[in-house]
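Here subunit A shows up in two complexes: once beside subunit B, once beside subunit C.
Let's turn to the complex of A and B:
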């Protein structure tokens, strides 16, 4: 029984981070119709920045003592802020000149960006894994029946859930959300009605990058930052948005939950096909509902 | 097959704790300190071009970077004395193995045909050596793979190599070494859980650990398998599954950044309190990447090859000087890839010098190959022997137990409990028929006795 609870928590943990990454990808696509292939690397960038900041603090702490958990928690979102700032810089400079061109150009530009960010990360932080595990360690573990579970993981799950609630409120309950949805439905009409589309685009892109960066920042204490983590995250988020529907936040949430649960079940009962099972689901959804569960055909 | 006493069989294999090495007189060794003599004949002075392909990007750069640095260090030392045979400076051309197997094959062709490299070196992934080996033979390109250690390369892909060599130990040695360390340390384990990366390395480790256990620990059964993708950093599910199978022992061949993430998560899930733990590559990849929170006393593998603390102290000066020079140059400690590439470069140098003494002038590749075949060299890790029939490098396998010391800010191998195994005891002998999944696997299956429970 305890094990079932722990498997369920593992699935939620995985889904939380996936939702943050895939939600950002979906949001950007929904508003701007851009498939940002570099999105996974913004997640990696967030992870590296947070791990780096935590590492600096640990290095400055007096011998043997670890910096206070509260301070570390306050500084952890640095990766999310850095990814958002990076996004705010990228959209007007690199993406905007290509909106009038065919979609292939955007794919090429964002793919190029993917490789550039990969190299920049390696250049800045080197090839070795960057760890921020002091937070993960400070939180310790919690007993669940006979088993124990890392307490920090609850924080990750909570952040994922809060992000989902906050985004829903933001998009459906605020004025900015209305403008965002209007632009997403018809960019020309919103522009004609006086919406500053350029501004909406840069805001949406920044928000998407913030989510990816937050995903990286929140998970790095338990998993450490490694080269190539961005591409893996990108592939998984594609599975999520294929299942949920590209451009839909509800879809990203449901997709992330499905992928989280199926992966967990796959590892527990069908270890040999752990990887294949996710692609099989994506293939099944594509066959039955090509636009995804929440997609607009 | 007759049953034997487990302890007797291990002793027969030569599995020993704390064995030491003794130097052989007249054996070539790494480094430029020894006198070279004047080369015979006219030596051209244009650079000797080495194409070095390894991972400079992606998660495996954690292995690739040190590999390149090892060769770079050797090349810098050789160039400081004037170059190969005192004349030809080594010029290193980098190529990124992360481009993918097809692109790597094209890049090897390009390096040989347009850059006119004299020598091809490097390679980390087992997926790449079987593709590159036959191409190097076609191109008649003198090649020494540092790693890419799959048995498949010389079992099947290049069964009769002429131009292709490989230095570090073959893959099957990893699983067998770890398994024998388990047999020696925790022979009564019954319930074994496995977590291995889902690609050739993990599959190979799993197969060979299982076959050794079948022979030496017939009571053991596999109670759980986890096959995370290479590059995974979330092991929550694999750990939960392993723990829920109530194992006595968890065995893993996860490595690199993946391994760092895995042991930190396993700590918080309490895995190390519930089961013993054995690995094939934990301390091999980036010794300094592990923290002091890493559990002590676990069987910590180094790819059966090398850990910079062994042979330690003044016992084996070749290692002491190598570690000092490497640390001074790159401000980090060498891993097995760095040692492998460093030794490889000196094997090449020695072969060229020997061939020059025989034929004079700059020796052609066939003369260098003849000198490499059967060469034994003393490197930082100990003796490496290139078997003439399959061009594979053999050195005695080693493994140990993780331990924290005051000397280093990361765990090292417990110097008092190093396990060494003569490589001939754990690899198929020359002439053994090619087998599935590997020749060594069928050799163990057919020739090792079964231990009494």
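Let's turn to the complex of A and C:
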């Protein structure tokens, strides 16, 4: 029984982080119809920035003492802010010229961006993993029956759930959300009605990057930031959005839960074909419902 | 009745003019091993192999208008077929390798194709990518068959039942194997030329330019796309089979979707709106990557910048830009 609970918690943990990354990807696609292949790198960027900030603080702390958990927690979102700022810079400079051009070019330019950001991270932080495990250790662990489970993971799950709620409220209950949805439905019409489409695009892209960066920031204390984490995350979030439907946030949530559960089950029971099963699920969903479970065709 | 094509992009010149540059190019390729050193020759052989892969890829992108982000799968199927034939069957004949790779690729692309050609645009790209990642993860995880990340070693093959690579492997690769690759490359180029100039090739271009109209004319779009997918995959698989002996080793890296990205990159670098573009692009990309990797650890950054600048300012690639400059120069 305890084992089942732990598996379920792990699945939720994966799902939380995946929802943050894939939700951002989906939001960006939904609003500006662009598949950002560099999205995973923004997640990696967020993870690196957060790990770096935490590392700076630990290095500053007096000998033997670890910095206060509260302070570390307050600084952890630095990665999300950095990723958002990066995104706000990228959209108007590199992506905007491509909205009117063929999809091939959009994919290619973001593929180039993927290569660039990958190496910029390597250049800034070197080839070695960057860890922020201090925070993870400070939280200690919780007993579940006979088993123990890291307390920090509950925080990650909570952040994922909160992000989903906030995002839903933001998109369906605020004025900005209305404008965003209108632009997503019909860009020309909302432009004609006086919406500053360019500004909406920057805001949506920044929000998407903020989510990816937040995903990186909250996961980095339990897993170090490593090179290549961006590409791996991108592929997993592709599966999520394909299963859930490109451009749909509900879909991203459901897709993240499905992928989280399948991954956890895969690691436990069929480790050899865990990844293959995920890709096959994505392919199967594309064949049966090309627009995804929640997509609008 | 002559077909009137309104496509400016993939317009074919008269055979005489084509021979005018194809023959000198072939002579240079034939003479090069006598002029440059072994390293350069082998590097060029890599370029030619990738040229075949990109040529196949471009049948989909340039001629059919489908962007595949999963061509690493077929390259990998070709390569792994060879490696598994060595491992389990003890085959050494290069001709058998090529036949094996073609058969394996036909089987895989036929199945993948049925699924993929139902979609176009971004969904086609994502589906091809997801399916290629299935193969990648299998090659990655089933290490007792595929060697996992260590990959599989492949010894030098026997060419035409006569030439073996016993002894100096480098000399073998730089002479006999180079000419073998060149031979296959020329055959592949000719075959592709015939394909794209045939009514079938024209139909593909019609589908690319206007799907609805093509359907009204009576072209069965899905079947045509499926055949194009098959041919495209087989060409790329053939390149994979040729690549393995050159590299001596096959690893799951060549199945990963980022390798598909490289194939797209080289095709766009050369110019996907022309027949020769992918070939030129593949050869140039091969040099670019080799020297970038040798020059700096940040080679990805360098290639990424090249790609972004290319897409921003020279979307027609090397060949398209050269043609434009040539036309402007002649007009003066």
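By our rule, the second predicted complex is superposed on the first by the 297 of 297 C-alpha atoms of A that agree within 3 Å, B and C clash if a C-alpha of one lies under 4 Å from a C-alpha of the other, contacts with A are read in each partner's own complex, and residues count from 1 in each chain.
Everything below uses one rule, namely that a contact is a pair of C-beta atoms (placed from the backbone, for glycine too) under 8 Å apart; a residue touches a chain by one contact, two chains touch by 3 or more.
Note that the structure is a prediction, hence the values are computed from the model and not measured.
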### Query
Which term applies to subunit B and subunit C once both are placed on subunit A by superposition, clash or fit?
clash
### Task
For A:224, decide between first (touching subunit B), second (touching subunit C), both and neither.
first
### Message
Contacts for A:13 in the overlay, against subunit B (first) and subunit C (second): which applies, first, second, both or neither?
### Response
first
### Task
Quick one: classify A:235 as touching subunit B (first), subunit C (second), both or neither.
second
### Message
By the touch definition at the top of the document, which applies to A:267: first (subunit B), second (subunit C), both, or neither?
### Response
first
### Message
For A:150 in the superposed arrangement: first (subunit B), second (subunit C), both or neither?
### Response
first
### Message
So in the superposed three-chain picture, is A:119 touching just subunit B, just subunit C, both, or none of them (first/second/both/neither)?
### Response
both
### Task
Quick one: classify A:276 as touching subunit B (first), subunit C (second), both or neither.
second
### Query
Who does A:290 touch here: subunit B (first), subunit C (second), both, or neither?
second
### Task
Residue by residue on subunit A, keep only those touching subunit B in one complex and subunit C in the other, then list them.
118-119, 122, 271-272, 274-275
### Summary
Given the complex, residues on subunit C that touch subunit A span 61, 67, 69, 115, 118-119, 121-123, 125-127, 129-131, 133-134, 137-138, 140-142, 257-258, 261, 264-265, 268, 272, 297-301, 303-308, 311-312, 315
### Message
List the residues on subunit A that touch subunit C in their complex, please.
### Response
35, 37, 94, 97-98, 101, 103-105, 107-109, 111-116, 118-120, 122-123, 231, 235, 238-239, 242, 246, 271-276, 279-280, 282-283, 286-287, 290
#### Entry: subunit B contact footprint on subunit A (complex, rising order)
3, 6-7, 10-11, 13-14, 118-119, 122, 126-129, 131, 133, 136-137, 140-141, 147-150, 152-153, 219, 222-224, 226-229, 232, 263-264, 267-268, 271-272, 274-275
## Note on the structure
The residues of subunit B that touch subunit A in their complex are 56-59, 61-62, 64-65, 198, 225-229, 231-234, 236-238, 240-241, 243-244, 256-258, 260-261, 264-265, 267-270, 286, 288-289, 291, 293
